[in-house]
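Working notes, structure below.
Residue numbering begins at 1 within each chain, and the chains themselves are lettered A, B, C and D in the order written.
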Amino acid sequence: TPPVAEYAMRLGDDALILSQQLGGWISRAPELEEDLALGNIALDLIGHARALLRYAGTASDRSEDDLAFWRDEPEFRSCWLVEQPNGHFGDTIARQFLFSAYQVELYQALATSTDPSLGAIAGKAEREVAYHLDHAAQWMLRLAGGTEESRGRITVSLGDLYPYVDELFEDDELTDRLAGVAPRPSSLRAGFDRTVASVLAEADLETPAVKPARGDGRRGGHTASMGYLLAEMQWLARRHPGATW
Amino acid sequence: TPPVAEYAMRLGDDALILSQQLGGWISRAPELEEDLALGNIALDLIGHARALLRYAGTASDRSEDDLAFWRDEPEFRSCWLVEQPNGHFGDTIARQFLFSAYQVELYQALATSTDPSLGAIAGKAEREVAYHLDHAAQWMLRLAGGTEESRGRITVSLGDLYPYVDELFEDDELTDRLAGVAPRPSSLRAGFDRTVASVLAEADLETPAVKPARGDGRRGGHTASMGYLLAEMQWLARRHPGATW
Amino acid sequence: MVTTTAELAEDEDGRARFDALIAADQRIEPRDWMPDKYRRTLVRQISQHAHSEIIGMQPEANWITRAPSLKRKAILMAKVQDEAGHGLYLYAAAQTLGISREEMTAQLIEGRARYSSIFNYHTPTWADMGAIGWLVDGAAICNQVPLCRASYGPYGRAMVRICKEESFHQRQGFEILYELSHGTPEQKQMAQDAVDRWYWPSLMMFGPSDDASPNSAQSMAWNIKRFSNDELRQRFVGMCVPQFEALGLECPDKDLRYDEETGTWITGEIDWDEFAAVLDGRGPANAARLRHRREAHDDGAWVREAAAEYARKQHDSERVAV
Amino acid sequence: MVTTTAELAEDEDGRARFDALIAADQRIEPRDWMPDKYRRTLVRQISQHAHSEIIGMQPEANWITRAPSLKRKAILMAKVQDEAGHGLYLYAAAQTLGISREEMTAQLIEGRARYSSIFNYHTPTWADMGAIGWLVDGAAICNQVPLCRASYGPYGRAMVRICKEESFHQRQGFEILYELSHGTPEQKQMAQDAVDRWYWPSLMMFGPSDDASPNSAQSMAWNIKRFSNDELRQRFVGMCVPQFEALGLECPDKDLRYDEETGTWITGEIDWDEFAAVLDGRGPANAARLRHRREAHDDGAWVREAAAEYARKQHDSERVAV
């Protein structure tokens, strides 16, 4: 149904955009092991994106590639957190930590969806995002507990990314309609807060005292990075309309 | 004539690509004065680019925008030096220093061209590129003679950019045919070497002992950065074929 | 702090001169005596204004590398560069009041200083370049033209230069929208969407209604402010109405009407909650704007240090040479 | 250094065992005695091979964010990630010979180590992803399959794993080209251009002719190398010919012919000056490849330091806890 398709598109776009960003790290990571780890996460996410967008496309007879390469910016439904630039490794880790903590709650809840396709995708993704969270949390600890420089950097990174958290947990008309099919975003917040609080406590970091940015991704409003990201991602495909690859 | 048009395109593409890169600094420079200075240089260069591309386009009835926005990568004739990424401020300064030192020689020689259009463009540009050179040379001195960190950085930057110098001075069939219209690139090398040597001597820097990269820009071969740069530059214009702005 | 009798007497002389100059609508200059609160008010206002120019570069710089024609790219670069220039004049004017540029920069980056809330919105399309020029610069001009007569000399003179350039920018913004609204249907829609995004925030640029604006009265008495927020907003709306027609775009304010009796424009209700939220840091781009500025500043630290160190060495070696 | 009689005797025992193992075509393991030159040869070869995997990530990573379909993007990411994995295996194999990863990394970044010259070419189009997979990985496989039987155990075992993945990569490269060459005329041209760019450099991957390759004989004697450069190049060309037909692309070697008599392929003349220039650092991308690696390394320094410091602190606090 169209609402389910719209919901799947939100999730798929989040995964696609974050995968796209992580893909930019490959060959540039601080150590080979991280080229592998970030690459793994990017691969998991593009896997989720493909499954979700394929499912989303069934409602309008569009393929995963139609959705990824031929929609314009206002048609994307990704949240602002995943659009935030890679920055340095600490920025990427803070973004991943917050987003994976959300995804762990999301897919856990979604695994019991009354929609069997969404349930299956979530069930498969659940273990993967738990690994992503673990990887990011480990790095939060290492960076916070490493050198003075790394502690300073990760503190700033966390403050820079935290304004984009609230958007993840906003209910709206669509999620209100999908009771049973999808968890209400607001219902995921408590679990997220617990996870984040426990890692930050272990890392001896404070929850950033920053104001939330009024994210508008679910309605197609995006931040400055998004246009550049899409232009890069879509350039080649659009250069050759109708071609197959 | 087509050879003159091709020659004007080379010069115009150099100016366009470098202007495009410098434009990326505006709002991000180390101090406000440099937002202004780099912006000024970018403005001068886009002025040159427009004049040169307009002139180049007369041979094929194409406008400056046709040439800037609707050619694909292999049709661009820019040299590899101007394609090198902005990097940090030192990278940008080293690139500008080398390129302006070349342009000063180029436009001085070209000002006496038997082609009145090229001569006029060069005559006007001559003073401007002299200012660009001066600005970059001042920064070479400041960075080389500033802190240990800045000296280390500018030394590396110079070594990173120097491999792209040789391409600027390569003669080929086209420049061989344009005697009188355009200086042979190789004839500009001595003046360039003198300028660079004198600034490096004052800065107490050595000419980098690096191997030249086999640049292929004049025949449409480009480095990794070029595709990204063009995608960003051309995206919007190509999204709306036939539109005016 | 101990204040001597002589100082007190001097203060009294100064105050009398200051009051006389204000009464005569003449200019206060940096070396003149001025009340502390006047100085503080001006430092706050001028530095906020400077910060607004600097932060205001970002939404437009966002489109420099993607401008759809070379002519537009050149115009946009020149415009954003002008904003850097305005920032410089204004910082210089504030410096005459005894605050350093480093201190103002630190206040901005650490989130302790304000800048115009209007720049806490994103610019997702090229048409935003038109809307910012037309509406935001248009509103700025309405605010700023009276400031050319501000009682503090350096501020007033900076504003004269700035206003001249701003009206040029406004015309360019109008031109961008005009091209779009007379272009393809997609371009026209892009223009309408951008105007829809920026119209209300532009009206908010004049600040709350006069009765809700506590500092206005004192600023008016000091000849810093010349017109009330509502008067300026009126003037702006009146200016926009015929231009909407020329553009062939719809005004997002469906309740807007002209009151023949009072000769004023009555706007629909302005969402002051939105204004308050953005002012409080909860707008779409507040976090992004400060991050961008902080990163540019931090990335450039080694360059500024190098320049300072080089200047110091040059200075030392000149002294040795003498 | 003083060598005792006992050590000399041990060396002689070791050498006898080593020679016997080589003669029996069996494996040398890290704890076995081996001649210094064997060790040095292997360290050089394995670390070069590892560096090639790492540098070899760049030309393909260049297209990850721009891959034209999600499936291709996923496949490409997995491939480049495999290369990082290969680099890790090979560094680990080299480490068993007594060199540290830090030292090898330093050699690479400072330009003191070689890596395969093939990666000093740019990848301007998507079709280069196909050409690299098909031709470069294809040539690599011809080189590497015999290395699975290399006399040094850790190297041979790493190669088994690597070869399995490489042949997968080669098939994917062929598929990319197949799609292109059976796609639009523009796509087909893109494929042909890429093959024209990569064909000759791929032939050069096997190195100069045997008579111009001084180290080959010793490596063959030690069962590190199993076939001559020319034999391997032959095998590769023979493999390519029918695949060119399947792709419907033209082989850039217009002089290529099959010699019925000797049963071998006679290639046109290979431009060994070009090979020498690129090997000497004067290829199109040598400077860019090292810059990219150095920048990634330098940008990540603070992260590696943090991880090391954190590990140290954890270790200390565990010791305190015990």
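Criterion: a residue touches a chain if its C-beta (ideal position, glycine included) is under 8 Å from a C-beta of that chain, and two chains touch if they have at least 3 such contacts.
Since this is a predicted model, take the numbers as computed values, not measurements.
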Mutual neighbours - chains that touch subunit A and subunit B alike:
C, D
Nearest whole angstrom, what separates the Cα centre of subunit A from the Cα centre of subunit C?
36
For subunit C versus subunit D, what separation do you get between their C-alpha means, in angstrom?
58
Quick one: which residues in subunit A touch 2 or more of the other chains?
227, 231-232, 235
Where in subunit C do residues touch two or more other chains at once?
58, 66
For the protein chains shown, what form does their contact graph take: line, ring, star, complete or other?
other
Every chain pair meeting the contact rule:
A-B, A-C, A-D, B-C, B-D
Enumerate the contact residues on subunit C facing subunit A in the complex.
58, 62, 66, 122-124, 277, 280-288, 291
Touch list for subunit B against partner subunit C, complex:
16, 20, 23-24, 26-36, 39-40, 42-43, 46-47, 49-50, 53, 64-65, 68-69, 88-90, 141-143, 145-147, 149-150, 153, 232-233, 235-237, 240, 242-245
Enumerate the contact residues on subunit C facing subunit B in the complex.
54, 57-58, 61, 64-74, 77-78, 80-81, 84-85, 87-88, 91, 126, 176, 179-180, 183-184, 186-187, 292, 295-296, 299-310, 313
Interface residues, subunit A side, partner subunit C - complex:
73-74, 160, 163-164, 210-216, 221-224, 226-227, 231
Of all residues in subunit B, which touch subunit A in the complex?
227-228, 231-232, 235, 238-239
